[in-house]
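In what follows, a structure is listed as structure tokens, so that the remarks can point back to it.
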Amino acid sequence: MSGLATQEMDLPPDPGAGVIGLNNVTKHFPGVIAVDNVSLTIHAGEVHVLLGENGAGKSTLVGMLAGLQEPDDGFLALAGNRARLASPVASLDAGISTVFQHSMLVPTLTVFENLILGAPWYKRPNRATIEQRMGALQRDFALSLPLDAITGELSLGQQQQIEIARALLRDSRVVILDEATSMLTPQGAEELGARMRKLVQSGLAVIFITHKLSEAYRFGDRISVLKQGRLAGQLGPERLATLSEDQAIDEIVQLMFGRDSGGGDAERRQTSCTDEVLLDVVGLETEGGADVMGLHAISLQVRAGEILGIAGIDGNGQKQLAEALAGQRPVARGRVQLQNNTVTSANVAERRRMGLRYLTDDRLGEGSIGAFPISDNTVLKDVGEPPFWLRGIERPAQIAQHARDLIQHFQVRTPNETTPIGRLSGGNIQKILLGRELLGNARVVVFNKPTYGLDLQNIEASRQRIGEIAAAGKGVILISTDLDELMALADRIIVMEGGRIRGTLDNDGGGEALRLRIGRLMAGEELEQKATA
Amino acid sequence: MEALLTEAFLSSLLTGAIVAAIPMLLAGLGEQMSEKAGVLNIGIEGMMLMGAYLGFFVAFQFDSIWLGFLGGIVGGMLVAVLMAVLCVRLGLNQIVIGIGLTLGVEGLTALLHHFQFSRTYPRLPAPVRADLPLLSDIPVIGPSIFSRHPIVYIALLSVVVLAYLYRRTNLGMTLRAAGESPAALDVAGGNVEGVRVFSVLFTGAMAGLGGAYLANVGAGLFIPFMTGGAGFIGIVLAMLARGRPLWVLIGALIFGAALSLTTALQVAGSNIPTDVIQMLPFAAVMLVLMVFGRKARLPAALGISYERGAR
Amino acid sequence: ADVDTIAVLTPEQGSDFGWNQQGVDAARAAAEATGVEIIVAEGLGYGDVRAPMRELAAEGADLMLAHASGYNTAGPEIADETGVPVAIVDSPEALKAGLVADYTLSGHEGAWLAGRLAAKMTTTGTVGIVVSGEPPSWNSQSAGFAQGVQAENSDVKILYSVIGPAAYSDAAGGNRVTTSVIAAGADIIFGQGNGSSFGMIQAVESNKATDGSDVLFIDVIGDKSSLDKGHFLTSVVWDMTPVYTAMIEDLKADKFGTRSYAISLADDSVKLLKTPQVDEVAWGEVMAMRDQIVAGDLSIEPIFDAQAVRDLVTVSE
Amino acid sequence: MSMADDIETSETASVQVAVMRRRPALRVAMLTLGPILAAFVLSAVILMLVGVDPLKYYSYILQRGLFSGLGLEQTATRMAPLLFLCASLIIAFRAGIWNLGTDGQFLLGAVIAAATAPLLVGVLPGWLVLLVGFVLAALVGALWSILPALLRAYHGVNEIITTLMMSFLGVLFASVLVKLVFLDPATTVPQTRTLPVADRLPRLFDTSISSGLIWGLIAVIAVHLMMTRTAFGLRLRMVGANPHAAAHAGLSVPLLTMAVFALSAGFAGLAGASEILGVAGNVRADWNPAYGLMVIPLVFLARFHGIAAIILVFFYSAMLIGSESAARRLGVPQDFTLVLVASLLICLGLGEYIDHRMRQKEQ
């Protein structure tokens, strides 16, 4: 704690200069200007929210502050003095700690080791000091961590706490959190918000990146909006104080997209559900393991034109369910029936041929092959099939044309179809995968977190497409951690917890009451228990 | 075959096992550090060979076997510097560069040997033995294990030192982080390149020492291609040891024993054809791989070069 | 036929104090003795030797000495193809008038004498044979040595060990195996190997026998006594000069390819080397036996088969 | 370990090559010829250190390996097994499998071809004898990779160690087979029966060039087209670049992995057969030309591209032939070619890095 107090003393006398200043910073990448002449000031005692659509340049800004990249033009200033952050070490020395969007912990090390990672190699780790300081953090920020646990075995939320703890242990002046809430439950996000508040109260500056506008409003003191690399506008503390949440969001959306959002929360979709059962799952079970959740007694039905939502905190078997349905995960017991055909033992390719599609949430890991051009990636699941292959021989012109059509139809932002897909932003990769799944004779489509990490505009477009799919008489399973999304799209919502179905609810548009019931189920409460209680 | 289990058989088995195990142990320990830090150091065979050559050259020129060991270490590290520059700094493919360096060193040392020693075949004096007091008097075990060249004890000691280093020090932690998640180490302020370069140089030093042992203690002179795959065996030992120096030692001893068994069985008058016996050690490794192979978890970033900010 | 140039081809450098050196040195000596030019092609490896042979033929060699058993398939083929006579080893059946002659060399008589000497001088009652491989000419010497030891004293144990894969240059392997054999009781080592012999010598120098005495080494083919540090007992030295000289003479007389050539104790093309370590009395007795062999009173049959060698040395009590 | 990432980098590298093509010819020439020149200079320095005139040495090699009729014939003949090995490695590397066991597969293929073909002469028509030899060699080569393949495909055991170990084992086993099983009873030297010169692969025209060259060229080009132009090839590359994506796309990663091993090892077996049925005629115990490891740098320098590999193999063979001759004339051991190849690898690597940096600077 004492460390944090002295930190405050060290702060520059001139608050106008801010802790960090970005002065006309520009960063080019092949073919794009990622950051274009941006000037920003980060003030101590403020949560500074960065907003912007996919590819707007937020991560690039973070990269420059974290010492991963250097600006091509313009310069950074620390406490008003021009400075270079040429490496992560320089950034850390300047008191900037970054919690990246993707975990930057070593999974095989213990929590303690991750906390002291980066210490000089010749120093003996001083356990007592760390323990003492962790005690202080627990008091001040409710951060409590098992020091000797293996990091990889902890939940994502706990892992994020380690990163935050690490930032605090370093006596930082600035803490950067890049899309830190996308992995968290609503409660987790709230806790993080409270922590950020405490941090700024103790005199630090926080930079917070999110795609969720209400979070920006609730947690932020100052909001900067980036658009295609440029600073589109800023809402300072004084201005924010005068706005209600809705007003603020309207204004932000205006800045981000240059148009009106069309009314805050998404409207609930008109249902198109029929009686025809397309997918019938009975008593499905899969083997669990040390780091995978097993499924128990999963039974569900999807009808033509129906969107079946699956809610649950990340890691409660949703992914396993999607994989078991797609044929990617062996089924221990139970039966899967697709339009009267039992497909329990069919493999991925056979199920796909019968019209079962699966959009993975792991875009880079399994959804695409980063080094391959976009064109190959658009036909990855149809290798050998006409019209792209004839008797096993590739027809490059056909594939290229198909890729160009897909790029155009889904408005993928890319130089051309020969670009390796790994170079696109997450959102644009997602569009290509979406396009790929909708190709041909889909009957039932399983979406796993289809809008995760997308910006508002793309989220809206994607949700629209999912609705269209259902309207076209196909069955949809929509797995999402975002309750708003489920409540906007789904006809029924299944809640999973611990690899089981905890309950199935009709989406009656019940608003807060429904949200609350889902929340209870997500926490593991059984429907019946609640009824008897 | 009745003659198995005689004192002669056991002595020759143990003696041979230790003598054969030491170079592989040194190589395996060296390789282990590289692998921990995420560098698959296939060039280790070349480092050993260079160590053997320079180790012998220096020992011969300065008439000092100890200077020779130093020379071996330097020789191994010279090749390691190339490996570090090409694979760690410049991020070139580790397997291909490793093989390339090994081939290059084979050619270079054969060339140098040809012009320097191939007419005269100078040899070093027989190396001294260090008898460990008391221990060396135990029958069978004593002369086999406790009456060897000091390098043998140094190699055994380094197992303990390394085990301590990996478990208890920041360096050990940094090494593991570099092999498991270099990006995480980098953003935490660690020096990925530095620690990887260090590990590669250490591998060079250990491999060079192993090579120098082969030349100076093992043979008393340098012969082209004399390492004959000991470095590759070191790679296998390191991969099977799951990061533990003790397991490298155990592996090296088992491998040494298998090699030595080929001699011991022959000495015992076994009638199995020699060529078949000689397949034993390799068959043993394959067996181990079949049984335990799936458990040989390797560092996640092994063999992958790290470039800041790239994905 | 006119012979003005011969060529000798060896797998390794002709400076190994062994097989290759003997081949090159003898070919030079024979060339000098018969007044012809010589092309030395050394270090050709154990792979495909056809390319250098074709080239030598094109360069005008009138006779090619293919001095490695690995060359005895390529040799006759190239002789057929180019018409240049080729001499090969270890292939007594391959004779072809005017084109192919064989010189299968066996030092088994010399090795037999060495065996007798070793059996006389061992103090532990155990001797060792260490070889880096099992080519026929080495087998015959191993067998000869073993027979000699047994003829002298059937109580002396003979340990036999082959070093291992690609062991010709495995000096460390030579050391390791020899160390093991010494640990198992041998105090005299009969060693055959190219690069690996140096490892054997190192082991002999750095280990004491189980009874505390010095270990002695018996070498073959070459004369390494210039490298000796007091541990050489003897060497079964070969000299191929008479063989090569006879070949050149036969070629000139158009008789090439009608007979095989061999080395023997009689013309000293196989002989034992005397070192300071040799016991004078024993040496005298062994030399007497040599004379008996030369006189034909004693004859030793060569054994070329590896399994037969192992049957000889296997201690079966 | 995911070697896939390595392959991925090489995939991007080949993308870079494509990019390079669009850049000024002069620069490309500089970036290719520069390093090659540097490699030769570096090797020249080493030659000078040991007292050999490098100019004399190089011109001798060129003259012997390339510019003399005899030399060119020998060069062409030497290419055959190397080409088959290139085919083997191109499949493996493009599919993300590090098959470092080609030496063992090569030798066992050679042994089986040498063991069977001479026995079949006279029983079967000549072309069928050769065909049987080649087919058996491919099967045996593939068989020898089955353990590493199973371990990799079903247990994820890294193939680098398993193939290396199987290679060591295979080399020994080949020797055992020659000494104990397929021994030619007519010779004292342990070797297989010899396929008569007349029954070997026919020679081309009036030269001593073995027609194995043609088959080797066909193999490399066929493999190149398979890997780049067919659905099967793309499937294999998918498995190599991202096995999770391949599984997600419905491919059977284990089966395809097995296929890669079988094909790669099969071609290594063919390489052995081409050497025996085309040139050597028999296998001697302890024979091991160790081409396998040697070809790896070449295939890599060729960026897994078939045509580039053929060109490199041609120059490398010329160098081998020339240096065999130079060994005798100039007293430089053949091992020097290893130095030259290693310097090439290092210099081209450095060149690529410099190019990479230069392009980064430009942006």
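Residue numbering begins at 1 within each chain, and the chains themselves are lettered A, B, C and D in the order written.
Simple rule for what comes next: a residue touches a chain if its C-beta (ideal position, glycine included) is under 8 Å from a C-beta of that chain, and two chains touch if they have at least 3 such contacts.
In UniProt terms the chains read A = Nucleoside ABC transporter ATP-binding protein; B, D = Nucleoside ABC transporter membrane protein.
Predicted model only: the values in this text are computed from it and were never measured.
> Tell me which has more C-beta contacts between its two chains, A-B or B-C.
Higher C-beta contact count between the two pairs: B-C.
> Go ahead and note the Å separation of the Cα centroids belonging to chain A and chain D.
Centre separation, chain A to chain D: 46 Å.
> How many angstrom lie between the centres of chain B and chain C, each centre taken as the mean Cα position?
34
> Measuring centre to centre with CA averages, how many angstrom lie between chain B and chain D?
28
> Give the residues of chain D that touch two or more other chains, as numbers and ranges in rising order.
Answer for chain D, listing residues that touch two or more other chains: 9, 168, 172, 175, 179, 333.
> Which residues does chain C have that touch at least 2 chains other than itself?
In chain C, 13, 43, 134, 165-166, 306 touch at least two other chains.
> Out of chain B, which residues touch more than one other chain, so two or more?
Chain B, residues with two or more chain partners: 114, 224, 273, 278, 300.
> Which pairs of chains touch each other in this structure?
The complete list of chain pairs in contact reads A-B, A-D, B-C, B-D, C-D.
> Give every residue of chain A touching chain D within the complex, in rising order.
My answer: residues 28-30, 327-328, 347-349, 352, 358, 360, 362, 365-372, 376, 380-381, 383-384, 389, 392-394, 420.
> What does chain B use to touch chain A in their complex?
169-171, 173-174, 176-177, 180-181, 183-191, 195, 300, 308-309, 311
> Okay, in this complex, where on chain C does chain B touch?
The contact residues of chain C facing chain B are 13, 15-17, 43, 128, 134, 159-162, 164-166, 169-177, 179-181, 183-185, 195-196, 198-199, 201-202, 205-206, 210, 227, 229, 306-307, 310, 313-317.
> Along chain A, where are the residues that touch chain B in the complex?
63, 66, 68-69, 87-89, 92, 98, 100, 103-109, 113-114, 116-125, 166, 370, 422
> Taking the touch rule as given, give the residues of chain D at its contact with chain A in the complex, in rising order.
It comes out as residues 8-9, 11-12, 15, 229-232, 234-235, 237-238, 241-242, 244-245, 247-252, 363.
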